[in-house]
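Across the two complexes that follow, chain A remains constant while its partner is chain B and subsequently chain C.
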Partner chain A sequence: MNTVARRLSGHLARGTAMIWVVTTISFLIIRNIPGDPVRGQYEKLIEQGMAPDQAERATAALYGFLPTGSLWSQYTDYLNGLIHFDLGQSLSTPGTGVATLIGSAAKWTVLPVLGGTLLSFLLGVTLGVYAAIKRSGRLGDALAISGSLLHGVPQYVIGLLVTAIFTTLWPILPAGGPVDIEFDPGFNAPYIASLVQHATLPVLTYALASYGGWILAMKSSVATVLGDDFILAAELRGLKRGVLFRYIARNAILPLFTILALSLGMLFGGAIFIETIFNYPGLGLLLVNSIGARDYALMGGTFLVITVAIVVANIAADLLYAVIDPRVRAGGAA
Partner chain B sequence: MRRLAAIAAMSLIATATACGVGSSAGSGVYTTVDGAKQIDATAPINPFNPQGNTFLGYDAMTLAWPKNDPVDRNRFYPGLAASWSATPDQGEVVIHLQPDAKWSDGKPVTSEDVRTSIGLAYTQGGTAYAVDPKAAGSAADVRVVDAKTLKVTQGASKSNLFLRNVLSTVVVPAHVFGKLLPPGFWTTLKTARGTGPEAEKAKAQVTGLAQKVISFAPAEDVSAGPFVLERVNPGEALLVRNKHFFASRNIAPERVKVLNYTGNQQIWNYLIAGTLDSAPFTATPSGVLNRIRQTDGNEVVKGFSPVAVSLAFNQTRKPYDNVHVRRALAYLINRAQVTKVASPEAGTPAQTTTGIHAASAKSWLGGDGMAGLDPYRVDPAKAAKELEAAGMTKKDGRWLKPDGTPWRVEIHVPASFSDWVAAAKAITSQLNDYGVDAAVLTAADYTLYLDELAAGNYDIGFWLMALGPSPYNIYQRIYGSANGWQLLAGRLTRVPPGTQGNWMGGPETVGGVNPGALTNRLNVAGPDEQRRIVGTLAKLTNEQLPVIQLYDYVNTQFVSTTRYTGWPRTDSDVLRLPAGVWMQLGMIKKAGR
Partner chain C sequence: MTESFAPGVRVRDLTVVYKTPAGELPALAGVGLTLAPGTITGIVGESGSGKSTLALSLLNAVQPPGRIKEGSVEIDGLGDVVKLDGEDLRQVRGRKVGYVFQAAQNSLNPLKTVGKQLLDLGRSHDVADLQALVRDARELLGRMGLDGARVLDSHQHELSGGMRQRVGIMLALVLNAHLVVLDEPTTALDMITQATILRIVRDVHHERGLTTLIITHDMGVAAEVTDSLAVMYGGRVVEHGPTTEVLGAPQHPYTQGLIRAIPRLSGDIDEARALPGRPPTLGTMPREGCVFRERCPLRMDVCDTVDPAPVTRGERTVACHAVGHQVSPPRRKEYA
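Let's look at the complex of A and B:
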């Protein structure tokens, strides 16, 4: 127990230092991005056809939401806010707290990204084992080729393709948005159905885009394990195919487990292209919009959430790795 | 395993259920997109918040709605004001509210609501409600005459935009928003419009309320418009009919669904799928437009849009300080071809450079005025003469600068504006054909582009102009702050080229004419004087070419006749107003009736 606590406290100290470093770097980068947010907003309204006097009126009060003072005082204010869990106020949605915006977006990111990640992981890992075992056959070739093809196609291309197919050529699914506003929000069949309907294309796109990576990684990992002595020994002992399969899968999945843990950490970065294509209001879309609007506080808050999620995922992966692989347990023999 | 199968089956059934009831066609729902902003479910139901969840024309109402007139900016359709009158100098505006106007909670709309709205507008600053008494066209006094009548008096520094700005006031319920104004607000405002330390302190108190007003989040929508917000999620907003709306019989839809969008692509997809009943203009490639038209019921309605796009020069950078170089480029650019490539459906090639949209130019300048302008038709011979006059030489088929170094024209555009990028590429292709080395350089986004432009880092960039119908708005894009003329507290000042956002860097006077001063004069001049000034500025712009006008935008909107009819016709003066206003005017009716 003491060993685990010592490991955890070490991880936490390193993680906190890492978060501070990344926060400081991102703060400096964000404050040095060129572009005046108020002028940008004014010209955007002009471009949308608003009369200059109206646009001026609509943007004048935004100046009050811009950070003031020297860079150092802005930095100390920012850190002071963070210590008190205050991420500041948004400029692009003036008067709304950054934490509120991030909280609102996070729930929409979880469904497509987590759903897509888990679906592609399960499919990729299972089929990857078969692709490796049957690598000399047609099935193995077909699976490997499908993985390579999908791995090479960018997310946004897959997104646009499924949009064209399922919303235009064969319009059976909605083109965008997270849920139909006509249904009363809550635990009722039409609302849940609408959620599922709207999430289908983002999840499908995410799963298709990441499936290739999993299947190729698993195939490669299994192929390596297949050459290990313990597999040969197991075969010589005449173990059943099911047991042998479990031996292979359990050992081959170890490297993928780390990637999965990091992918789950990246979950809070959202899926920028997918969320943009499907108008899915997750963290990726929030980040893109905040950059476009030069919303310093929102950018900083989003980067912070992504950083914390990745650091936490790293720590979790490291600790859980020891659980699933006895060889890396502290003090354990290899 | 059984449990998993049951969940999967439930999901399928539920999805099928949603497919069945998800289609809102024919159920009295009107589906549209708000082109002015993207939906943010966390934003308050507050029209003072730029991202607020209120929708102009549906649940947010102004006193009146401006008609889309190419010249006359003082023509309106009634909104919450049934009628109004103004003295000739617009010194006094009297507003009579709709006698039957009520809020969605049943309370009557009164003059006090308008007065409170004006008070709140003062905290935001700008135009008719600037705290600074020297600011042109700001209100000096707001007086409630009776429950349905209000008098607004303009300050000493008059503007002919006063009536327009007063009638554009968004009216909010005093019983919801009134608490934002502290006791004694009107006394503080009166003090703020004076001079001295007390006035400065009072001014700070009034403008200090801005953030509080913007951040205010009412628990529910209280609307005087035809609809009231029911709920909003990050992808859509649902508005339901306001049974207390004063012209309720004109309103056909029971509900309005406003869809969010992340880009033009999304709006095109909605249109192709036949989801939208109406959609605002988006820059649409010909292929996509044809695909949209193929969907049953989809139609395109076009009208006047007081916006044009131009190639603007930074005259602090050589050789663009030389008018001959600018003219040479004007003679080399085939505007018709550029428009055909960049905006075939939503643009018409500029007839020449006047600073004004062609539709307005005819009215302002008349036939004689237009005839006196150089049309800058494509003429390589004239261009060569102009370049030679600028001291340039041609060697091995390429033009060189006067000092013998190669001349390279760099045109900057924001990468996200597809029509501008296409136009810039067409121009550089044309210039290269005529021996002028030219290239397009893109900025990552519009905000960065504007920053670089204002910093004077570009030689030539694309620029929106001709923002009518007000002639002051038209010319302040060329002879305003981007060219060094700044209007501060009602006083016009000139800042040196290359400083404080003066990136155009044109001369202060040309032939004894100060275009910035004339532009500022447009704010206060009477109709005859305005016409003379516009004539002078158009001629000057045509000769000096601080910009080359490329194409005038056409307001291209999409409507579907599948569920509703009675759409505005081509060139209708309501086309730039939200569809909610069309409904108020009794235009939109359910199909088949």
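Let's look at the complex of A and C:
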């Protein structure tokens, strides 16, 4: 257990450093985007007849740092806020905290993207095993081709196709929005039914778009394991089919776990195309809108959430790996 | 467990072909070989001579793109294993025929402890008393100089190459298979470990009354443990007989060349003479005539056109056109 604690503390230290680096870089980049809205706001207030020091205070109250302060003081103010878990105020939606905006967008991202990721992972991994075992047969070929094809088609094309099919040609599902507004939010059947209806197409699109990658990755991983000596050895020892299958699957799925953990971290970035197509108010849409509006605080906050999510997912993947792979558990180089 | 039943094995006209872009090429061409019950038979030959393919055939386990085209492998009590498939074949593997893999060092699932893999083996063959199985395994490992309890608790990566190889041997013996096939069991081991393992193989063989087949390219190993010795070349058994006779008075020119090529521990290294030329591969195997003729000092006209059939005199079988001329009458009497 001591090794786990040591591992974890090392990870946390590295993770924090990583988050700090990303925060700093994104702070600098955002500050250097042409069209500074803080200055703009400050100057607008002065134009409206406010005294400079008053305008400065008003802007400072709004943004959490002095608009006329040096880059360094803005940076330290920003970091100071972060340490107190204060992401600041949104500029494009005055009076609303960045954390609130991100929180409400996150729920529209996490569930559909999580659903889509897990669905495509399970589907892709299971079919990938068949594609590898039957790789010289017609079924294997068909599966591999379906994987390559879907892997090659961009998300937004799949999204548009899916929309065209299920909302126009065969209109059985709503075209956009997260939920019908006529239902009372809460734990009641019509509301949940409406949620599920609206989530179906985004989830389907996401699953179709990522399924190809999983099936191809799993196929090649299984093919590699099938060529390993210990599988032939297990066969020659007369192990039952089920046991043999578990030997193959468990060994083949190892490399995919890392990718899965990383893509779960990435899901906080939202699926920008999908959310745009389905008008789904998730994190991806929030990020795009914040960039358009030069909403520094919101941009910074969204980047930060994505960074933290990826760092956490990395740590989780590493710890999980130690559970499923004894070679890593031993603390060796592998 | 005291009941001892050593099965005899009769391989007849076994032809194994591998599918290549150039068509199906034979890795084994009509091999015949008999393993007498209760003996240790060795198979020697250069790489690519078909030793491992023959060993795998005993379990009907030739891997694609290879397949057994014709012939039979009769094992007492099991019948012709070439005709077995599915569940029947699976139950024979491991339970009736123990197999020590050529790459025994990589024959373990890296994600499971040896003990768990032992239990997988036991459950796969419906062993009722798993505790007894673990006890047997521990005892076998102990005899091979390992700490049984610790090894069963280890993963593959925690064991050295020699330890893994011994684990592979344990897994082949622990279910009390009466026919054991060892494909290069001591390759990649140091001399001392090799000697230990050979001693154990021989001890267990005698104790349990097994029929054992050892594939090796090491003449020393063959000389040390085998009762009878088969020499393979180009997918054929070219000579087979009691080990002492095959090594002491080799008849086939290939066997003679092999023995001349062994460097002696004491004496001049130059006395060892390498066999000229290279063994044929699947692609360069002559379609007709003797496969050894290109390297043969006794080559005759007939060798170019007729593949010599194995001729059995007494306990010895040789496939060579020249041997009939060589063997002098009194010598023949000796083996009659």
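Here are a few things to note about the model shown:
One rule holds for everything that comes next: the second predicted complex is superposed on the first by the 296 of 334 C-alpha atoms of A that agree within 3 Å, B and C clash if a C-alpha of one lies under 4 Å from a C-alpha of the other, contacts with A are read in each partner's own complex, and residues count from 1 in each chain.
As a working rule, a residue touches a chain if its C-beta (ideal position, glycine included) is under 8 Å from a C-beta of that chain, and two chains touch if they have at least 3 such contacts.
Owing to the predicted nature of the structure, the values given are computational and were not obtained by experimental measurement.
Look at A:Pro190: by the touch rule set out above, it reaches chain B but stays clear of chain C.
Of the two partner chains, chain C is the only one touched by A:Glu235; chain B is not. Comparing chain B with chain C, more residues of chain A are touched by B. Within the superposed three-chain model, A:Asn251 lies in touch with chain C and out of touch with chain B [touch as defined at top].
Once chain A of one complex is fitted onto chain A of the other, the partner contacts of A:Ala175 are limited to chain B, with no touch recorded for chain C.
In the overlay built on the shared chain, the residue A:Asp77 is in contact with neither chain B nor chain C.
Of the two partner chains, neither chain B nor chain C is touched by A:Asp318. Once the two complexes are overlaid on chain A, none of the chain A residues touched by chain B in the first is touched by chain C in the second. If you check the complex, the residues on chain A that touch chain B are 34-37, 39-41, 43-54, 56-62, 64-65, 92-96, 100-101, 104-105, 108, 163, 167-168, 171-172, 174-183, 185, 189-190, 192-194, 196-198, 200, 275-277, 279-281, 285, 289, 291-294. Residues of chain C touching chain A in their complex: 59, 61, 63, 90-95, 99, 101, 103-104, 106-113, 120-121, 123-125, 155, 157-158, 168, 171-172.
By the touch criterion stated above, chain B contacts chain A in their complex at residues 11, 13-19, 21-22, 24, 29, 35-36, 38, 40-44, 48-51, 121, 123-127, 161, 165, 168, 210-211, 213-217, 231-238, 255, 257, 259-263, 265-266, 269-270, 272-273, 275, 281, 305, 307, 445-448, 450-452, 454, 464, 467, 470, 473, 476-477, 555, 576.
Taken together, the chain A residues at the contact with chain C in this complex read 228-230, 232-241, 243, 247, 250-251, 324-327, 330, 332, 334.
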